[in-house]
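Labels A, B, C and D are assigned to the chains in the order they are written; within every chain, residues are numbered from 1.
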Amino acid sequence: MEELNTKVHITPEFVLKNPVMVASGTFGYGLEFTEFMNISQIGAIVVKGLSLKPRAGNPPPRIIETPAGLINAIGLQNIGVEHFVKDKLPELRRLGATVVANIFGERVDEYREVARILDGVEGISAIEVNISCPNVKKGGLKFGQDPASAREVVAAVREATGLPLITKLSPDAPDLKAMIEAVEEAGTDAISLVNTIPAMAIDVEKRRPVLSTVTGGLSGPAIKPIALRLVWQAASVAKVPVIGIGGIMNGRDALEFIIAGARAVQVGTLNLVEPRGAMKVIKEIEAYMRQHRIENIEALTGSLVLPER
Amino acid sequence: MEELNTKVHITPEFVLKNPVMVASGTFGYGLEFTEFMNISQIGAIVVKGLSLKPRAGNPPPRIIETPAGLINAIGLQNIGVEHFVKDKLPELRRLGATVVANIFGERVDEYREVARILDGVEGISAIEVNISCPNVKKGGLKFGQDPASAREVVAAVREATGLPLITKLSPDAPDLKAMIEAVEEAGTDAISLVNTIPAMAIDVEKRRPVLSTVTGGLSGPAIKPIALRLVWQAASVAKVPVIGIGGIMNGRDALEFIIAGARAVQVGTLNLVEPRGAMKVIKEIEAYMRQHRIENIEALTGSLVLPER
Amino acid sequence: MSTMRTTESVEVLSNIALFPGHYRITLGWDPLTVKPGQFVMLRISPTFDPLLRRPFGIYNIKEGGVEILYRVVGKGTSLMSQLKRGDRVDVLGPLGNGFELTEDKDYLMVAGGMGIVPFYMVAKELLRMGKTPRLFFGVRKEEELILADDLKGLGAEVEFTVQERDGKVVTELLESKDIAGKHVLACGPEGMLEKVASICEAKGVESFVSLETSMACGMGVCMGCSVETKEGYRLACVDGPVFNVRELKWKS
Amino acid sequence: MSTMRTTESVEVLSNIALFPGHYRITLGWDPLTVKPGQFVMLRISPTFDPLLRRPFGIYNIKEGGVEILYRVVGKGTSLMSQLKRGDRVDVLGPLGNGFELTEDKDYLMVAGGMGIVPFYMVAKELLRMGKTPRLFFGVRKEEELILADDLKGLGAEVEFTVQERDGKVVTELLESKDIAGKHVLACGPEGMLEKVASICEAKGVESFVSLETSMACGMGVCMGCSVETKEGYRLACVDGPVFNVRELKWKS
């Protein structure tokens, strides 16, 4: 069999060497993983959500495990966009990593400003606009619930930068189709979904919420069936490429999303459990391609055959 | 310590001997479990969804396991309301079971008709109106998405029967608060949530959906953190009692829902895995009450203490 | 209900590899009555992944124990293969209808691979009735042939096909034989069963097949295990797993 | 990074109950360098429930193996207690900062229950430096005292409190002693550590505590293990688990 072609095109310029990205907030700033793998081999590294100023995040406890899942309420703790560009990006570039900056703001202005700072910076391949974080009081999820607000955010970011734009959607949007249309109109180049699903755990001994923020966001294999359904629905209405996220733990999971219509995928919680997990997913996709004699991964995108009737 | 009081009041007349009900579709018509327990000891048995005429349900495959979850696409296969009243109810009455009839229709008319048939039938303690089944083409979920349709269904059922009414809501309603207000206005006595969450699995070898209906509904421990969050949100806006459902596998899970604001709970998938599961949940709640010296279970309802700030 | 179902935490008495990926587990469980062709639902792990019980045919009942033969195909069976003597599993059963065997009939068993499971108890029952058990057994690889050793030990007449050796499948054997007057009992992969059904139909003999479907509860509650029959859907776990092929509507 | 972290599937060499609910597991793992007070993240099961690795202090390193002492508290540790020789777990580590030990200082160890874990390696290091290890050890039940036997075997001076016997807790012991000039190293339940901190502050001695938080990744990636310090949140898994108490902001 010929060489495998695992390249995927998010935009004509933004081409990944393989469809496996690592999801924001689960791969730090990328450099934490250099002991475990050659990080340049990952499709793209989406770094922890960046805001204009450093953010402290939420008080502990911030995480609680659930059956096959993890609820987090980190609250976008991060070092701030400028610190990232100055202290982390040079090393990421040196190592040849494909870097996507995940950005976040409390106001439309802040999104625009963060995007402007990243615009033209060497070593940033794309921006992922997070309008779907359930763990912050202001901004975040609010933008992800309402198509008009989402349009405004994405339009502001679009105006501020020429970089390829991915808009990260919430699994909790009341009207996914309207949301997708809004961010497409505002000029996004791709959409990614899902972010974590709002969730909760209660300590029955103390009769208090486990997390300091009462609710948090659920990720991990528990949400995969829901995420897959949403990605399939999104792919059936989106004009731009869709990036599938949610509970991917192995190559087969990733393939389910790709077959459902995702051009690429992101693995999140897996990185926390298996530092080398993303590489394993890539290997397993390649093995599947070889076994099924699929030379070009993009031939699989949306290849789902629906039952007649 | 005094005798435990595990009674819960759904309405002044509809009082359960304990807060643990078994969820529709996971306990058959109740009689399947008589070898395993004394079914009169269960708070209430919600029987498989009943429609006006018998329904065949969806083609196989109808179920697929996921991590800590189960996706089903049964499609409300049932023997029809009249057959149920004639052939199953007498035996349930004889055994002393508290029976709630879960009903379903493709049109508002059909809901009304089923409710009318059940009205005044000896041995039915309440009706649960299912406006949230994701597994049928017509009716079902549609009613559960749109407050106006939901209001119409519940009003029609309300008109047709004097039985206590529980309206079963979807975890997928775009606006949960509006939905609750609508069904309250239409005269529901209580709400129950969640039904299963729309979900999907793909067979990557065949590149086809695993389920004959493409998507199905996810239940089980995987969804518990999401269900708990929704029940907590619902309890904070509902005027009527809330019945919490979703992934309850033991007493602690049930207590989380009760502390979050549920007057009673339903266990579903657990019954499929452990035929005696509901009894175990009841025992574990009682043990907790003894340990924490809580004499009256209703003192726990909504006892969640939120963090200051 | 003709038999009494229980759920019980039982001890693993032994768990032995027969050949790569195939095991025989013996459980310290003593069901009241079991019909050949019935099955159990096993809860292998106390955690929620895997969540559901898994269905397995009852291979044999002996003093103080029940034997199950299984093949590792996924996460449940792979956890199962790691069980050791003294570990516990939870068993729900016996379940399903099983094969209906009567003195006045003449039976022929047809099995593919692990489809041999129900036939050891069928054979014992036939012997009890004074009949000589006869089995056509198809396997892919030669190593699987040892699955028939117990039946041979009983004195059953066994004829084989080994696909990797002689390119033949068991339905070809069935096709080539005179089976007039027999009642054919079959268990194996779905494609094989469909073929058995059509051969028997063509030859004008009655046949009964044991079907596998996904199952959640095993006791007629979830309605997840539906099988398409000429009178609508029936449930493999309570109306089956054994069906008269005349009732069935095959997919293809 | 000062030490090289790996993830590796390793063999369980033994897994022995010390007293009810408490075990010592030995893993066939050979980390390059380990500092006293460092920990590992163990993946106990290949399924997704439990999903995350679990953190455990490294108790001891010996020829060909690493020892961990653990207490069964939930589903991960309960699965762990069922591991048998020959089973495999996946280990990520060594992780965390560990205790900083220098020749010029005089140390006193204070442990509550399983908080003794890091101190066996601390004691070995102190001995290597020519110091006599000294430990105040508080337990609830008498049976837990055997957790200190290894340290005594090294020649450490150990003083006890047994809450159920003499109604005393280890912080009372600490309070009653002259500890001037010592550097106190403490590990145990959060309430105890907070008490140790305030005693040491009152007595004007430096103290270092090893904290437990929920952890998902153990390597500074998820930011789930935050600890409130005077300079904002720090991460227990990379900035800790050992913190100088002067940095910390306690909850109460």
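Please note the rule applied: a contact is a pair of C-beta atoms (placed from the backbone, for glycine too) under 8 Å apart; a residue touches a chain by one contact, two chains touch by 3 or more.
Every value quoted in this text rests on a predicted model; they were computed, and no experiment measured them.
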Moving only between chains that touch, what is the shortest number of steps from subunit C to subunit D? 1
Sort the other chains by how far their Cα centres are from that of subunit B and give me the top one. D
Which pair wins on C-beta contacts, A-C or A-D? A-D
Mind checking the centre-to-centre distance between subunit A and subunit C? Centres are C-alpha means, answer in whole Å. 46
CA centroids of subunit B and subunit C: separation to the nearest Å works out as 36
Considering subunit A alone, which of its residues make contact with at least two other chains? 67-69, 221-222, 249
Quick check on subunit C: which residues sit in contact with 2+ other chains? 47-50
If each protein chain is taken as a node and each touching pair as an edge, is the resulting graph a line, ring, star, complete or other? complete
If we count contacts the way the header does, which residues on subunit C are in touch with subunit A in the complex? 47-49
Which residues of subunit A touch subunit C once you look at their complex with the stated criterion? 67-68, 221
Once bound in the complex, which stretches of subunit D touch subunit C? 45-50, 75, 79, 82, 84, 87
Residue ranges of subunit A in contact with subunit D within the complex: 25-28, 32-33, 35-36, 48, 56-57, 59-65, 67-70, 72, 74, 77, 220-222, 249, 269, 271-276
Residues on subunit C engaged by subunit B in the complex (per definition of touch): 1, 4-7, 43, 48-53, 92, 213-217, 219-228, 232-233
